[in-house]
Each structure stands twice: as C-alpha cells, then as structure tokens.
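Each of the two complexes below includes chain A, the first together with chain B, the second together with chain C.
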Partner chain A sequence: MRALPQKLVRSNEFYLFLVIVVLAIVIQARSGQFFTANNLVDIANAMVVPGIFAVGAFMVLVSGGIDVSFPALASLAVYATTRILVDAGYEGDLWLPFLIVMAIGAVLGSLNGWFASRFAVPVLIITLGTASVFSGIMQGALGSVQIPNIPPAMSEFGRATLFVATNPDSGLTSNMPMSFLLLVGVVVAAFVMLRYTTFGRGIYALGGDESAASRAGFNVRRMKFWLYVIVGVIASIAGLVRTSMMDQMHPTNLLGMELMVIAAVVLGGTAITGGTGTLTGAMLGTLLIVIVQNSMILVGVPTFWQGFALGVLIIVGTGISALQLTRARKRKTALI
Partner chain B sequence: MVDNVIAVRGVSKAFAGVQALDTISLEIAPGEIHCLAGENGSGKSTLIKVISGVHAADEGTIELNGKEFSKLTPMEAISNGVQVIYQDFSVFPNLTVMENLALTAELAEHRTFVNWRRMRRIATEAIAKINVKIDLDAKVGQLSVAQKQLVAIARALMSNARLIIMDEPTTALTKREVDALFGIILDLKSRGIATLFVSHKLEEVFEISERFTIIRNGKHVITCLPEELDHKKFSFFMTGREFDDARFTPQIRATQPILETSRLSAHGAFSDVSLSLRPGEILGITGLLGSGRTELALALFGSLKSDSGEIRIDGKAVVLDSVRTAISHGIGYVPEDRLTEGLFLERSIGSNIVISEIDSFVSSLGVLEQDKADAEAQRWITDLRIATPDAQNAVSTLSGGNQQRIVLAKWLATKPRVLILNGPTVGVDIGSKHDIHRVLRELAAEGLAVIVISDDIPEVIQNCNRVLVMNAGRIVSELDPTQTSELELAALMSKDVQTLEGIS
Partner chain C sequence: MKQRRFSGLTLGLAAVLSLGLVGCAAGGTAAPEAGAAGDGDYTIAIVPKDSTNPWFVRMEDGVKQYAADTGLDVYQKGPAETDATMQAQVIQDLIAQGVDAIGVVPVDPGALETVLKQALDAGIVVVTHEGASQENTMYDIEAFNNTDYGGFIMDNLAEAMGEEGVYTTMVGHVTNASHNEWADGAVAKQAEAYPNMTLLAAEPRVESQDDGEVAYQSAKELLKKYPEIKGIVGTSSFDAPGVARAIEELGLTGKVFVSGTGMPAANKGILQKGLVKSLTLWDPADAGYALASLATLILNGEEIVDGVNLGVKGYEDMKFAKGSDKVLEGNGWVVINKDNVDEFGF
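And then the complex of A and B:
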C-alpha cells in the first residue's frame, strides 16, 4: 500500500483543495470578508441545492453517461407536488410532500432509465430529449404558473435554521438552513452506496468497461434503470429543497443549472468518460463554483464576470486532467 | 468418452443466412493444451462464443462434465468450469487489481454489500494461485499488457475452471512474457486444467500445443498432433491455398544506391549505422524490440533526429529534419499496424485510395474534380489487382488481403521511391500476409526500393535479398538470406551484445 501523504499529493482533490484555499485567501486579502461567520454560512447555504444535484450528476458521470435532464425533472416533480398539495389544501407534515416528490422523481427517472437501458443511444441525447419533454409537460400540459403560497410544512422547512451566524463587524446575520443536513445525508447515503454495495461498485465497473461488466455478471440493463431512478429521486429532493427555501414555486427557476453542476463535478476530477472520480472531489468542485459565484461580489468583481471566471475554471480544470492523461499515454507509448 | 472436459458434437450456427459454423466437432481432454487455429472470419470466435454459452447453437450439442447441452447459457458454461479470457481481457481499467479479481466472486455469491477486507483476502488467494506478484492496489489501467492478462487468468481460475479459453493470448506479449505465460499454462496442466488456445499463428503456439484443430469457413479441416504439421501444411489447412515459398531475388537495374547512411547515430537509440539501398531491393532490418530498429526507421523518415552521421539520397547528403522533407525526397513510411488500421471501412474504395492526395484533385476554384480522382483510384485498383467490380463499393465489402492492398495503394499514391514498412504483417492472417508479400515483391520488381522492418524471421528471410540484424542499437551483421537459417538469425538477434552507452 502506498503511503497516505503520497497518495494525497497525487490526488486531484488535493489540488482542488489548494485552489479553494488560495482563492479564499485572495478574497480574504482583498475584502476581509471571506472568513467571516456569515459569509461561510452563506456559502454553505448556497451549496445545498447544487450539492444535492451534484451527487446525482456524479453517479451518472461515473457510470459513463451524462444526464442533463435533472433540473427539468426536479422542476416538474416539485411543480406537480406543490400543485397537488396546494389544490388539496394540504396543511399536514413534511413527510407527505417529500414522499410525493420522490415518487414522481422516481417515475420520471425511470423514464430516463428505461431509455438508457433499452437503447444504445448516448445518455446525453436521451436526457436532452427527456429534459424537453419534462419542461414541456410542466409548462404546457400542467400550464405552470408561479405558485406563491406553498404548503405550510414546506414553507416551515425552508425557514428552519440550525443556527444563526452574525458578522461581529457589520452585524449582518446569516441562517444555516436545516436543509444542509439533507445535503449531508444524501452525500453520506451516496457514499455508502457507491463504496459498500455491489450495485455501487457496479456503477464504477460500468463506467470502466460496459461489456466487461456484463461479462463479469452484472445485470447492466437493470443497473442502469435503477441508477436513473435513484438519480431522479435525488434530483427531486434538491428541487423540493429549493422551492421550500424560496418559499414559492417558481417553475423555471432551476432550469439551466445542469451545465454548472456537471462542470462542478468534472472540475472535481470525475472523468467525463466514466469510471473515475470521488464524491469528495464532486463536493469540492461544487464548493469552488459556489465560492466563485458568491464571493466575487465581495472583491468587487462585477457579476457578469462570473460566467467568464466559471468558464476559465472549467477549461483549466478539465485541461489539467486531459494533460495528465496524454502524458500518461505518452509514457506508455515511449516504451514501445 | 466421458473423461473429456468438453465435447462439441456437430455444432452449426448461422447468422442472417451466413453459415458461421458448419457441423464442427471438438474434444478436449483434462489438462490438454489444445490449439484452435483459423483465419480471421473462419468461425473461431463464433465457436468460442458457442462453447461459452454466449451464442446458442442452431444444431448439435455440447457436452460438459458428462452433461449434454443443446442450448448452453453463459451461467451453465461457467458453472461447468468454462472460462474465457478475451483478447481485451475484459478487465476494468479504472478499478484496482483487488476489485477486478474480487468483484466477480462477490457477484457470484449475490451479495448486496461488499466487504473490502473479504475482497482483499479473495484477491490475495487468487493471485497466489498463479504464483506471481502484482500490487493489489494498483489500478489495472496502469498495468502492462502481460500483467493485465495475469489478472484475467487469476480471475478465471477463481471459479474452479476446468477449461480456460484464451483468445490470441500472445499477440501483445514479449518473448519473456510469453515464456512466463507458458509456464503458468503448464502449471495449470499439472492441475488438470485444460487450455484452448485460439490463434492464427503457428510460431507462437507450436511449442506448447499438444493438439491442433484447424477450421476454415466454419468447417472443420483437421485435428492433428503437432508432429503432423509444419508451416506449409499449417498455411494450407488454414487458407486452402498452396503458397510457393520461393525466396525473393531482386532485379537490380541501377548500381547507384538511392539511399545511403554512414555512421548514423542517435543518442540512446542506435549508433554507427551504415547501410545502402538500391532500387529494386528489399532490405530487411530485423532485431528484437528495443534493438533500435524502429528508431532507425523513424530517423530515415525524418521524425527522429540523428546526432551524427550522414544520410545521402542519390549520392547527395541531405538533412531529414522533418517528415515533410523526407516525403519530398521520395521516402514513404508505413508505420506498424497501419496496414490494418487507417481505412475508412464504410467509405468507398476509391475515396480511401485518394484520400492522402486529395489536394491534388482540387481545381483552382477549390472544387474536387471527381473524374480525375476516380481515374487515379482506378489506376491503383488495376495496378495492385484489387479484386472489386466497382471502386464505389465500400472497403468493408473486400477481403482482408484486398483491404491491405488499399492501404498500400494509399501510401503509394504519394509516389515514394523508397518505401519503409515497419512490421507490415503484424496481426495479419496468413493469406493476407502472402498477399502483402507478393505486392512488395512486385513493387520492388518495378524499381521501388523497399525496407522491411520486422522481427518476423521467416518473413525477412523469404522476402528480402539482404538482411541487417540490429542488436542493442548497432548493426551486428549483414546476411544473405539464402545462406542463413532461421535459427542462426534468431541467435544473432538475441545474442547478448555489450549494451550501447545510453541505452538502459
């Protein structure tokens, strides 16, 4: 076994961590506002929804696919849930909204899963299609409009805080949302699944070599199906959290997030070709992007530069891993 | 006979009307090392797939452990001890050796949760069975081909295999690795585990196989002992064609060499190489992997810089500092494997031939002049006798040998005067190999100067009029192939020469 420090230095996550630390120090030096209690809590707050999405996007990437339908899936699931509950005048506990949204998420995910497991079409194409179908159903068939009053249980959940952080200088306060625990819970559950179940290891195997996976005895079709069901459930949870935290159902609010989330996961060292990557990396990648989005204002960078900075990050981040790959290949061919 | 590991009886299989297997029978005894040989497309792979349960046979039965199956499933094959090691090894490059070994076992026991400690134990036991050392925590993608193969073998042995089928197992291995592999196979034999080799090369399996079965076009040709086979018979059984093994005699018209080098050296690759080549010659350069043969070829093609010495073309000293310069001096280089790759199989024969010189068929307006391109393609089809009714047909409609001619045509279309071929028949089956050799001889007869770089000893002896042997970066010998036996040449190639400075 390799020594731990050496392993650490060779890992992608380590460098990502360094980048985050450097970025934090730069922001701190320029603004003096980064390492303040309320800014850190704000970042944690902003991480919840993209973080949960990232877990799902990560699993699909590891399996060798790319899913771009999760924001549309989440929007439709939450819209339908909210509509049903509001129309029924539901005043009860939180478990029912969660149950309904996860059930709808599972059904929508199974649609992705059914196509992905039956047809030899890239998942990217399938989910581009289903994404349009999902938002089409929401905006057309269900005639989506903004729902200003969401069920009280969701509203309460959105306001629930773990603690309040106060900036001693400015007196600004930020709430640590209860939903952060949900992010932690999803990450832990995904970690356990990916590391300690045959299904989870199978997802890695699938991303490594699909035909080898089926020769090894994995039921590739069934695995793909259930993977997309799980991803659908995870996405719908993220959607419910976002709606609860906004205290209203805004149907198109989530749309367009897919590229940012996928970028975060890839930045975290997950190979776009499948098979490699860690949840830690995916979370660090999300953290980096959230910091860039949230903190550039602190250093006085106009918001429209955010897109630019994100783009540069993605190119540099993926460029480095591409470079490592070509170097490793060169080393191999040099021997021949 | 009950004591066979496997008995295939009269198996037939057709795909969309094409008879891939036609009443094939095959028996393998416990511990037997059996070689299944046949050209590409002869039905070897289909037969393996039937034996391993991937394809169900249309007719016939397969007997495993005394049980008869007409429709064998993969699970039944595995549980009766049949394991296939595919050419790509079917390993997971992104996972560690340990997981690659243990995942199958975890799956076979239908476990929901994996236990990393149990997986390590399983993997350690599996590796111990073949008595080799491999880092269990290494990612399989970072292993050498030979190590990947060992992982695949170790994995196959885990499930109480009684028959291991190896698909072209020695193709990518060095001599030493092949020896190590044979050691393992003999060890398996002593434990009563049979091996079925699938191959189309006699050399690589002759020394270990105890029996041969040769199939052609889906039909059983012969099952025999190695004593009953030699190169010529082997080729005949595989292809159904007789090949004259006449050696090449050059018709040298010019006395002036077209290409010469004197004391050419490149640090760490080769040194002091002096050679000369006249039009009409086929010069063989042979040597083991790492002897500097490939580097020398690259230097002659301008893609590897030499440090000292001189290259002369038509008697004039030239500096080949880039591939472009080399091509402008009329040197063409066909890299290793390019004879089998480098074709757009779904595109037409004509466009494949002219693709490398497509610029010369473009009018001043930038429009492709299709009739000129067609005429050029037709010229090559006639010159190289490519058997096709129509240049518009897709390349995939051609036989392997004809496809190889198209690759040659593609390179020849750049009109070289010196053609350097690196490993021209690596991975090519016997029929196509003969076809390529014939084309090379014809080209030489027309006045092309040819250099064949190859470690295939029969190939250089039969097709070259002179052979240079490289060893540790130097030319150690120049031979007349008519005066040299294969054994002598092999000895020269692998003789321990004092290692050249700078070569580790």
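And then the complex of A and C:
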C-alpha cells in the first residue's frame, strides 16, 4: 500500500486539477471576473450537457470502443420526442417527455449495441455509420425543422433554477439550472455502477482484454449490448436538457460535439485503448474544456485564435495523459 | 456456374443502365416549341426550391397576388422537397407545357444550367431569384445588396439603443461571406450616421458558430467582460435568440439590445416578451411578386434598365449589382416586431 500523497502525485487527476487551478488564476488575473459568483454559475450551466455526454463517452472508451454517434442519437431522440408531443398538443408533466426520449434513446442505443456485440468491426466504424443513419432519419424521414414552441413542461424545466447568483459589482445575475442536478445524478449513478457492480467492473475488464474478460466468465456480448443501451439513454437525457434549456428545438444543435467530448474524456486520463480511466478524471477534463471555451472572450483571445487555443490545449493535455499512461505501463512491466 | 451467373448479372445491369440513359436523352429532346405569344396573355410559372417549405408557401402568396392584380395565368409549381434533380424535372415539365416564362429559385444553380438552357432555346423567358451565379438566365433578382442590408440592421439596433453607446458585431463564422458583409455594412453605417455609437475595439467581431447555445454563452461572456456594451449586431438567424436568452438571464432586459436576421414564427416569443425589439428579414412573397413582374416586363419586350420598377415595395428601384448586367438588387427588407409578427405565416 502506497501512501496517499504519493498516490496523488502519480495520478493524472491531480495534475489536471492543478492545471484547472492555474488556468482559473490566470483568467482571474486577466479579467477579474473568474471567481465571481455569476461566472462560476455560468460555467456550471455550460457544463451540464457536455458533462452528461462525457459520462456516456467515458463508459464506451473504458470498454475499449469509441462512440461518435451520441450527438446524432440524442438529436434524433429528442427531435422525435418534441415532434410527437408538439403534434399531440401535450400540456402535461415532465415525466412523459423524459420517458419517451429515454425509450427512443434506448432503442437507438440497442442498435449500436447489437452491431457492436455481433460484429468484429471497430465501434468507431459502426458508430460512424449509425451516426449518419440517425441524422439521416431525423433530417430525411422526419424532415426535421426548427420547432420554435416546445411543450410547456420542457420549457418550464429549462427555465427552472436552483438559485440565482448575483455579481455584487456589476449586478449581473446568472441562473443555476435545475438540470445541474441531473448531471450530478447521472454522474453518481454511473460512479456507483462502475465501481460496485459486476457489470461495471466487467466494463473495465472488457476494455483491458476482451478475451481475458470472456474467459473470466463475463458474457461479453450481452454486456456490450446493454452498455450501448445505457449510453443511448444517457445521451438522450443530455439532448432533452439542451432542448429544454434553449426553449427551442434546433435539430442540428448538438451535431459535431462528439470530438470535443471524447477529447475531454481522454484529457481526463482515460486510455483511448480502453481499460483504464476514472470518472473523476473525465469530469475534470470536461470542466477544463468548458472553462477554456467559456473564457476566451474573458481572457481576450481574438476570435480568429480561439479555435487555435482550444486545439493546443487538447494536444498538450492529451499528450500529457498519454505520457502518464506509458510511464505507468513501464512501471508495470518493470515489476514483472 | 458462378461465373456465368455473374456475367448474366452484368449484362442485365448494363441493359438497365443504357435504357435509363436513353430514357433521359429522350426526355431532353422532347421540348416542343413554346409559344412566345407576345399578345399580353401570358402563362408564367414560378418554381421554388421546395413547395412545402413555409418560406416558399409564403412566396406563393405573392405569386397569387400578382395573378390577381394582373389577371394573367401566373402560378407556382415546385418539387415536393429541396432536391435539384426534382426541380429540374419540374422545369422540364413546364417546358413541355409551353409556358411563356419561368421564374426559378434554384436549389443548385450548377445543376440547373442544362435544363434552363433548354428553356431559353425553346424561347421561354427565364428569370431567377437568389441565383446570382446562374448563367442560363436572363436576369437574377436579389432582395438587397449585402452592405445595404447591414446598414438596415444597424438602423434597427441604433433605434433600440437610442443612437448611443458601445456595440459589437456577431457573425456565424468569420469565414461566412454574407454575414461578414452584413456586419461590415452595419459598422460602415454606424460610422456614417450614428456618431454617438462606438464599436467595441477589443472584440469587434465574435462568432456564434451558427449555434444558439454558443451565441448565448458568448453573449454572457461579452457582457461580463465589457459591461459598457449596450448593443449587439447579430447576423445569423441563431444570433438574436441566443443573445436574447443571455440578456434575459443576466437581468439586462431593456438595457442591452440585439438585432439581426430572424424568421417570424421562430422568434415570436422573444419579440412579444420585448427581449428583442425588432428583427430584419426579406419577405419571400415580395420576391415572388417581383419575379413574375420582371418576367412580364421581358415578355412585353420592355428594356430592363437600372432603376426598373417591379411594382412591389422594396423592388421599385432595382439596381444592377456592381460589374453585372444580369443581377438586379433591390432593397426588399422588412422589419418584424411584436405587432406584425403574426402576419407572415412562416
């Protein structure tokens, strides 16, 4: 047993946390706005959707796959849900939108799961295909258009606030959205599942070595199938949150988020080859990217350079994570 | 055995393919001479990109209005979905029917060149809208000149801001040509007409990435960092709704203003709540009217010159675009606000 401080210094999360702290201080020094109540609430607000997505992306990465279909899956699920409810003139409570969107998310996820568990094709390729299929169904078969008026229950949920943070100097107010609790809920549920259930431990085993996991008695096919069902449900929740908070349905709003989310999870120390990683790291990685994205103007990075700055962060960050992993692996082989 | 089945398949496939090709060619040559009547009793067809899209349903209102005003046989006929091949098919049918003039809003100008050339060769008058790059057309109508439209957006923002204060501009992407021309036009107009307004020097142009969520978050950041901002010139249709959401949340309603392009139905809520005072737009009904009107002028043998009047507001003084003798630009923009937002139906 190693002592806690030593373990801490070796861990990727610790460095990530340091980077976030340093970054926060730099932003504070440049703008004087970072550590204000309303700015912190704004960042928490911006974190909700990428955070929920990151939980799903993290689970797939740990299992040894790369899922790029979750934004398309979420878009299709939430578009279909909104369309159905708006056409039916639904005025009732929030449970029904959630139920429908999660059901559609599960069905679409099971499609990913079925392919991933039956065919020996990399998940990246499968989900590239299903992502096109999902957005194709939404844009072609359902003829997606912007829906300006969403059901009242969703609209209310999007506006619901836990508390309002006010900046004493400028008087600006920011709302802490109710949906932040959903992010917390999803993270806690995923944490418990990954740490304390056989299924959760099996996901790590699967990512470490599939045939070893199979020999150890895990039903690999069934596990993969249910993993993608769960990820589909998680993604669809994020989609519903985004639509509710925007108070409008923009069908293409989420598309293109996948790479940023995957980068955030890898930044958090999850091995892109699967098997290792922590949920804490994934959340810290997402937080780092969200902070950077939402501080470009505060720091005063010119518009033309913002993409550049984000790219550099991702390269440097994932590079450090990769370095840590190789070092850890070397230590392991040295022991043998 | 396997080999033979394969060659059979190839043969069959080749047969089907060549049949298809022959069919196409036959369709192409079957254009009868269209009657360029010249007797003042014309049939004019307007072909939109998509007959079910609310934008073009609105355009049909203008086309019908023109038919009612003139008593001519003017109608709109478009493909069931936005598809260049289907649109070409519709035009081909119209050539076969021998209409006098066709007004097209091309889905893809390049894909229509052949069929529009056939129409011109058959003596049919061809005019287009939003197809400045179309070659096989007599004239193309644009609702406005981009720089002038930017100036118009600025007029609306200046009115909301009381013609004074600091503002900045927001575009979808800094690489988007028309958004940046609008934004440049807005800044030029401010420099010329509103001396008490100033462009935020530190962030003169931000991106919304054509995304309502990014527009919302960027606006929050801008307003935190630069509390002196009183207005934002939006360009993309996602800008104004996103910025309005930020203004409402930050508690700045009535203190910070945003303007920009937006569709009436999508923005009804924010206009009626007073988060946005006005948005700007061009009305497709007017464009439909102007297209039919231009076609009639050509059929009457009138010369199309700078300043031509197409008989509908915003298209009364059409000017040729710089360096072009085909593209006509109007000033066909409209303001939507809480009072008229219900009148458009799209």
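Operating definition for what follows: the second predicted complex is superposed on the first by the 321 of 336 C-alpha atoms of A that agree within 3 Å, B and C clash if a C-alpha of one lies under 4 Å from a C-alpha of the other, contacts with A are read in each partner's own complex, and residues count from 1 in each chain.
The rule is short, and it goes like this: a residue touches a chain if its C-beta (ideal position, glycine included) is under 8 Å from a C-beta of that chain, and two chains touch if they have at least 3 such contacts.
Predicted model, so just to flag it, every value in this text is computed and none were measured.
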| item | value |
| --- | --- |
| When chain B and chain C are modelled together on chain A, clash or fit | fit |
| Contacts of A:Met47 with chain B and chain C, given as first, second, both or neither | neither |
| Which partner reaches more residues of chain A (counting touched residues only), chain B or chain C | C |
| Which of chain B and chain C A:Val231 touches, first, second, both or neither | neither |
| Partner chain in contact with A:Gly208 - chain B first, chain C second, else both or neither | first |
| Partner chain(s) touched by A:Gln33 [first = chain B, second = chain C, both, neither] | second |
| First (chain B), second (chain C), both or neither touched by A:Gly171 | second |
| Partner chain in contact with A:Ala216 - chain B first, chain C second, else both or neither | first |
| Which of chain B and chain C A:Tyr196 touches, first, second, both or neither | first |
| Minimum Cα separation, chain C to chain B, after superposition on A (Å) | 22 |
| Chain A positions touched by chain B in one structure and by chain C in the second | none |
| Complex contacts: residues of chain C adjacent to chain A | 81, 174, 202-203, 205-207, 211-213, 216-218, 220-225, 227, 238, 241, 245, 249-252, 265-269 |
| Contacting residues of chain A [partner chain B, same complex] | 1-2, 195-199, 201-202, 204-205, 207-209, 211-213, 215-218, 271, 274-276, 328, 336 |
| Contact footprint of chain A on chain B as seen in their complex | 86, 88, 90-95, 99, 103-104, 106-108, 111-114, 137, 142, 289 |
| List of chain A residues in touch with chain C within their complex | 31, 33, 36, 38-39, 42, 46, 143, 146, 148-149, 167, 170-175, 242, 246-248, 250, 253, 293-298, 300, 303-304, 306 |
